[in-house]
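Shared between the two complexes below is chain A, which has chain B as its partner in the first and chain C in the second.
Let's turn to the complex of A and B:
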């Protein structure tokens, strides 16, 4: 078996034995189903909360199924991303800091195989979690609000997946770049959230940006995004992902000396 | 045959020199002890040889086909992998064919005494078991050179003895370079000594050569009680240094000979119990070299 296969098996075992393969999807599914359930039962929740003036009546318009799915994505854009950071911030930095990487680095290790095994496992687990979360959400949306066209759902989730892949690649690269997993988390979080803020403030001046992929994903549910803008954004996301993978491999090798001996 | 040649190896961290101008050679099937006080640069030197650190200056030349096995002082393992899984992974990454890796790993774990614990997770291992697993991962791919950083210093005496015995049994096929603080161990399993102090190699040579250089032969006389030792020291015909009920007589230029001392006690009973010739122990040499620097 080549080194990539050996290392991927190690990553798989880590995910299984640390229960990451269970808790990561479980968290996304939980957040996925909480949103439609909360929105459906919102009047009852407010009523049971009390402290309402006598005779007060709130009229809640029933949201469209697509709007609920977009709300789920909104949850993933904040809490979901933080969970992914927490799950993968130590992928490289944590191994170096604990010294577990030392016994790998003293061998004729292929750093592309090392980094890519982590990338494949993180992306697989991350995407599986996001898709299971969206499917869980879609089920409750169908139950409470009506159905979403399967084609629209697939285009929505696939577009969002491109963003998640890029995001996870940035987290892993930060983990390879920095000596401490907490620092890697802070840098990845700061980088992505600062870019999101920048895009929301100045994003009107450009239309092709990987940061707009969540917005374009949303557009699939209300017709379709501008094809040119969407495809350029997707191409940029793929190119940036490849760039960060290359950087992550290089940084894993360059920073190998930081491992605890 | 030379297996490794190190020339003017230097490691600098900013202005600070961790290792400076270290040169030595390792020949096949020899055992070399790297000794020196804390902070002398032993781990830095081993880390450079293991490829974990890049030297600032100097060269490390390997004989073709030299595989390396490395055991850090405190080996860390993925706690969720079993001993067999870890050893097998280590073997495969080191280039052992997938078909042979498992059988070779099982044999190695049995050799280090972990045969019965091979399916237990490393996270549940004691310090001694971790050291054995560390040794297993270092030798599973049958390297020609073993680099061991303080392989026994974290172990209790019985664990130390067991690991030392394992290392001794590896000497027939493997070249071993190990750092140690435990000089008795170095004395027990060393063909060559490298003495590092403040990052510099201040002494090197075969154990015999170094011992001869620092031999300081002396005659040790044991008395029944400190008083008898004191009386003898006062009137001894040679320089004599008392330490409780023991008196040391330095031998300079072959004098006095042990027969001469024994003849003296035969003629002048002074309460002496035993007379023996001694040379400096490695520990004394260590202290002397460290003090000289």
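Let's turn to the complex of A and C:
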């Protein structure tokens, strides 16, 4: 078997043994279905929480199905991203510190195969979790609020997937670049959140940006985003992903000497 | 909407959440060497309803 296949098998086995293959989808599905459930039962929840003056009346507008799906994405954009960072911050850095990497690096290792095996496994697990979460959410939204057109849903989830792929690539590259997994997590988080703030403050001056992909994903649910903006952002996201993969391969080779024996 | 439908709707949420918790607790009990004291992880898993088991899987087990 070729090296990539062997390394991918190792990654798969690792995901099974530390149960990442179980808890990562479970958490995303949980966050995906909690959102529609709480939105649906919000009047009852507020009622039972009490502290309301006698005779207080609230009118809750029932949210549109699409709005609920967008707020699920909002959950993923915050808690989901943090969980993905925590799950993959140690992908390369943790391996170097624990000594697993020593066993690999003493062999004639192909670094592209090494980094790509991690990338393929992380992206597959991440995307499977996000899609399962969205599907679970869509089922509950259909149950409580009404249906979302299947085509809209697919375009929405596919656009969001591009952003998740780019995000996971950045996390893996940070893990290859830095000596400690905590440092990798902090740098990846700081980088992405700083870029998000910059994009939301100054983003009015440009329309093509990978950071705007979640927003464009959202507009698939209500018609379509501006075709040019959307495709340019997607192209940029793919190019940045390729750039970070290249950087990650180079860094995991350059930093191989940091391994603890 | 009747109480029964509410319970049925919440059932999958409860199953996944408690499944995750019990899975983490069983692993904690069987784990010979955790990072940090076991009783503390037990509390974290039970109290921090969704995040607790995740934190244990990431930080509590010696994954490598």
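Following the convention adopted for this analysis, the second predicted complex is superposed on the first by the 261 of 261 C-alpha atoms of A that agree within 3 Å, B and C clash if a C-alpha of one lies under 4 Å from a C-alpha of the other, contacts with A are read in each partner's own complex, and residues count from 1 in each chain.
The working rule: contacts are C-beta pairs under 8 Å (C-beta built on N, C-alpha and C of every residue); 3 or more make two chains touch, one makes a residue touch a chain.
These numbers were taken from a predicted model, which means no experiment stands behind them.
Novice: Report for A:225: first if it touches chain B alone, second if chain C alone, otherwise both or neither.
Specialist: So A:225 meets neither chain B nor chain C here.
Novice: Looking at A:214, would you say it contacts chain B, chain C, both, or neither? Reply first, second, both or neither.
Specialist: A:214 sits against neither chain B nor chain C.
Novice: Is A:3 in contact with chain B, with chain C, with both, or with neither (first, second, both, neither)?
Specialist: first
Novice: Return first, second, both or neither, reflecting whether A:94 touches chain B, chain C, both chains, or no partner chain.
Specialist: Second partner only.
Novice: By the touch definition at the top of the document, which applies to A:126: first (chain B), second (chain C), both, or neither?
Specialist: After superposition on chain A, A:126 lies in contact with neither partner.
Novice: Looking at A:22 after the superposition, I want to know if it touches chain B, chain C, both of them or none. Which is it: first, second, both, neither?
Specialist: The second partner, chain C, only.
Novice: Just checking: does A:248 make contact with chain B only, chain C only, both, or neither of them? Give me first, second, both or neither.
Specialist: neither
Novice: With the two structures laid over each other on chain A, which partner does A:32 touch: chain B (first), chain C (second), both, or neither?
Specialist: Neither: A:32 stays clear of chain B and chain C.
Novice: Is A:63 in contact with chain B, with chain C, with both, or with neither (first, second, both, neither)?
Specialist: A:63: touches no partner chain.
Novice: Per the definitions at the top, what is the overlap between the chain A residues touching chain B and those touching chain C?
Specialist: 14, 17-18, 98-100
Novice: What residues on chain A touch chain C, complex-wise?
Specialist: It is residues 14, 17-20, 22-23, 26-27, 29-31, 33-34, 37, 40-41, 44, 83, 86-87, 90, 94-95, 98-100, 136, 140, 143-144 of chain A that touch chain C.
Novice: Quick one: in the complex, what on chain B touches chain A?
Specialist: Where chain B meets chain A, its residues are 43, 47, 50-54, 68, 70, 72-78, 80-81, 85, 89-90, 92-95, 98, 134, 137, 149.
Novice: Show which residues of chain C lie in contact with chain A when the two form their complex.
Specialist: Chain C reaches chain A through residues 6, 9-10, 12-13, 16-17, 19-20, 23, 27, 50, 53-54, 57-58, 61, 63-64.
Novice: For the complex, which residues does chain A have touching chain B?
Specialist: 1, 3, 6-7, 9-10, 13-14, 17-18, 98-100, 102-109, 256-257, 259-261
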